[in-house]
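Next come two complexes, and both contain subunit A; in the first it sits with subunit B, in the second with subunit C.
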Partner chain A sequence: MIYSESLQELIKEFKKMPGIGEKNAQRLAFYVLQISNEQAQKLSMAIINLKTRIRYCSICSNLTEVDPCAICHNPSRDHSLICVVEDPKALIAIEKTGQYKGVYHVLMGTLSPLDNIGPDDIRIKELMTRVEKNDVKEVIMGTSPNMEGETTSLYIARLLSPLGIKITRLARGVPIGTDIEYADEITLLNALEGRTKF
Partner chain B sequence: MIYSESLQELIKEFKKMPGIGEKNAQRLAFYVLQISNEQAQKLSMAIINLKTRIRYCSICSNLTEVDPCAICHNPSRDHSLICVVEDPKALIAIEKTGQYKGVYHVLMGTLSPLDNIGPDDIRIKELMTRVEKNDVKEVIMGTSPNMEGETTSLYIARLLSPLGIKITRLARGVPIGTDIEYADEITLLNALEGRTKF
Partner chain C sequence: MPLQETQALVLRTDNLGEADKIVTLFSPQTGKIKGVANGARRPKSRFGSSLEVLSYIRVVYFAQPKGLHRLNQTDLVDYFPKIRVELPKLAAALYLVDLVNSLTEQEDSNPDLFNLLLYNLKIINQGNFEPVLLRIFEIRALTVLGFAPQFEKCTICKKRLDFLQKNVYNILCGGILCLECAKDKGGISLSCGSINFLKQAVKIDLDKIGRLKLSANQAQEVKQLLHQHILYNIKQEINSYRFLEKL
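Showing the complex of A and B:
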């Protein structure tokens, strides 16, 4: 064995991470070697803390340490405006614009018949209940502008339309075919402002 | 705060790693979120284990969990042949050729007057003692082919020459100006085989 056992072990763990290959994993392991014990402890604890402390908000399914999450719990947010997103990463991308004052609903996925993901597998029922039970005036479709995202938005829009609320979607400023989480803040801000009726 | 606290914390820790920016750190943190608790525990423990178990070999300064290291301890290695390298990463790169049968001496740095690193700051004295006290027949200079590496090799070669042993250096198959740890195995193998008298 070329590496000592514990070095080998950490390289193996790092290599499981997305986008981290052999050389990168080695570089990260050597980074860990040269930081202080205290620093390594912090890194290690941050991993464990994330796993033990984080849960999903019972209202919107955002990642949170307190339930309901800081957004759902915030009285200065507009609770009559719900932005529907696929996952917490998309929520974070929109939050980063700093301009959105409504709340969210995280679907935790998109409709995808090929992967056997139907309406009951994502949080559509919960969205309907939320809209029906609360004084919701507008739902913004914030799904990614790709096939699954469009299908999901269309499906939800149809379900919502009998309720007579305003249904909008993000302006097509978002580049088509990409993932919403990688859109820059300005593009997302423009997309929020130019949202059109669904 | 956009991220929940523990997510923010882990992203911050990941961002300290070399070559990991904001987006990458976020992606890695979300990776940690979606792996099992067991998996996260493994990753976290691997970091701590590396820091607590690893030390430097008292003979060659290679990274090891047992002292002396597996290479210094191996009777089938040629202990009369020492390859001098800058750091453990360079040692690993040479070990990966699978063809080198000698032992190593890790300098833990290179001479660098601009950074105030002189002969007493790297393990040159220890190399001299090793060569003088043991039956060493050949020392291979395996430092990186850049300014600091060349200076260091030259300095050590001059110190060693009165001892009458063979002093060689890696063949110039290694591309100039780069770091030895990034050379591919074939190049390193050729460089080992074509080594020339210093």
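Showing the complex of A and C:
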């Protein structure tokens, strides 16, 4: 064994993290080795606090330290407008725009018929209950424009349509900062179909 | 590392690492192949939206000896956009690609199966989707792969089957039995109409399959028989079939 047991242990844990290979895990472990005890305490406490304090919001499934989350709890948000997203990362991305005033519903996954991920495996039932029990006027489909995302939004739209609620989805268009000539034909086609008035 | 070029249908994609995809393709020349598309999940990837499941593409790849090739360039031929906006069509099309993926081995060329799949995706994209199309696809796919059940003779006693009376499909025997042999074995009972439909569905020209019809009762029998027979051959559930059944 080249490394001592405790060093090996830490390298092993780092390697489980996304995008971290053997080399990077070693670098991180050696970094931890040279920080002060105080710093090491802080790091480990941060991890433990995260795991003990953070839970899922009982209304929207967003990550939160208080239940309901700050968005669901906020009276100045429009609670009749729900944006459906796949995971908390998507919620954060939309929230960063600072322009959305409605609330969210986090599905915690997408439907994937090829992988046997069905309606009961993600939080669709919770969305339906929420919509039926509250005065919801519009549901925005904020799922990704890929096969799983499309399947998910088509499935939810089908469940919602008898309820007479307005169902919309995010426009698909040409990414800002790119040249039109490099956009692929499907993106351009969608952008043409979803064109807006000047 | 020879450079290959082929047309292909995308059967499935799996994420690899942070930004790559492993893509399972079905090509008329090489059959099912798998390839890595580096950076395919990045927004400005050179693969664009061509590597989505159900896309019909032209692909250039570096063939690797171990069977996981490296995709170099792709062009979209057809995206079947109308399949992707209607749930019954999307679920049906996903079942077709899933079935082809489940029934085939890698690098086993079968141009007939490719043409069958492509033709059916085009039909689903263009017209109204009818479940009878799935049954025709199933029996034809089983036939071109050499897995189809025999309709001429009883699987056990080899006696010619009498099509004026009901016969029985028995999963343990993997085939159709005469009433005598089925007595103590049981199974799915098949009307003459259902068996005739299956024989027709195999023989008829592809562009005439729209003419084949099934009564509600026959549809149920045929669906059960083919599903049992597929499970008998591949020995596992087909994920997308469950989704289709839940709609």
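FYI, the second predicted complex is superposed on the first by the 172 of 198 C-alpha atoms of A that agree within 3 Å, B and C clash if a C-alpha of one lies under 4 Å from a C-alpha of the other, contacts with A are read in each partner's own complex, and residues count from 1 in each chain.
Note that in this section contacts are C-beta pairs under 8 Å (C-beta built on N, C-alpha and C of every residue); 3 or more make two chains touch, one makes a residue touch a chain.
The model shown is predicted, which means the values in this text are computed figures rather than measured ones.
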| item | value |
| --- | --- |
| Which of subunit B and subunit C A:Glu185 touches, first, second, both or neither | second |
| Which of subunit B and subunit C A:Ile54 touches, first, second, both or neither | first |
| Partner chain in contact with A:Gln41 - subunit B first, subunit C second, else both or neither | first |
| Touching partner for A:Glu9 - first (subunit B), second (subunit C), both, neither | first |
| Touched partner set for A:Pro18, first subunit B, second subunit C, both or neither | both |
| Superposition-derived comparison: subunit B or subunit C, residues of subunit A touched | B |
| Subunit A positions touched by subunit B in one structure and by subunit C in the second | 18-19, 182 |
| Touching residues on subunit A, where the partner in the complex is subunit C | 18-19, 111, 113-116, 118-119, 146-147, 150-151, 154-155, 158, 175, 178, 182, 184-187, 189 |
| Touching residues (chain side subunit C, partner subunit A) in the complex | 12, 17-18, 43-44, 48-50, 52-54, 76, 79, 81, 84-87, 90-91, 94-95, 97-98, 237, 239-240, 242-244, 246 |
| Subunit A partner contacts - residues on subunit B that touch it in the complex | 1-7, 9-10, 12-13, 16-20, 23-24, 26-33, 35, 37, 39-54, 63-65, 69-70, 88-89, 92, 95-96, 182 |
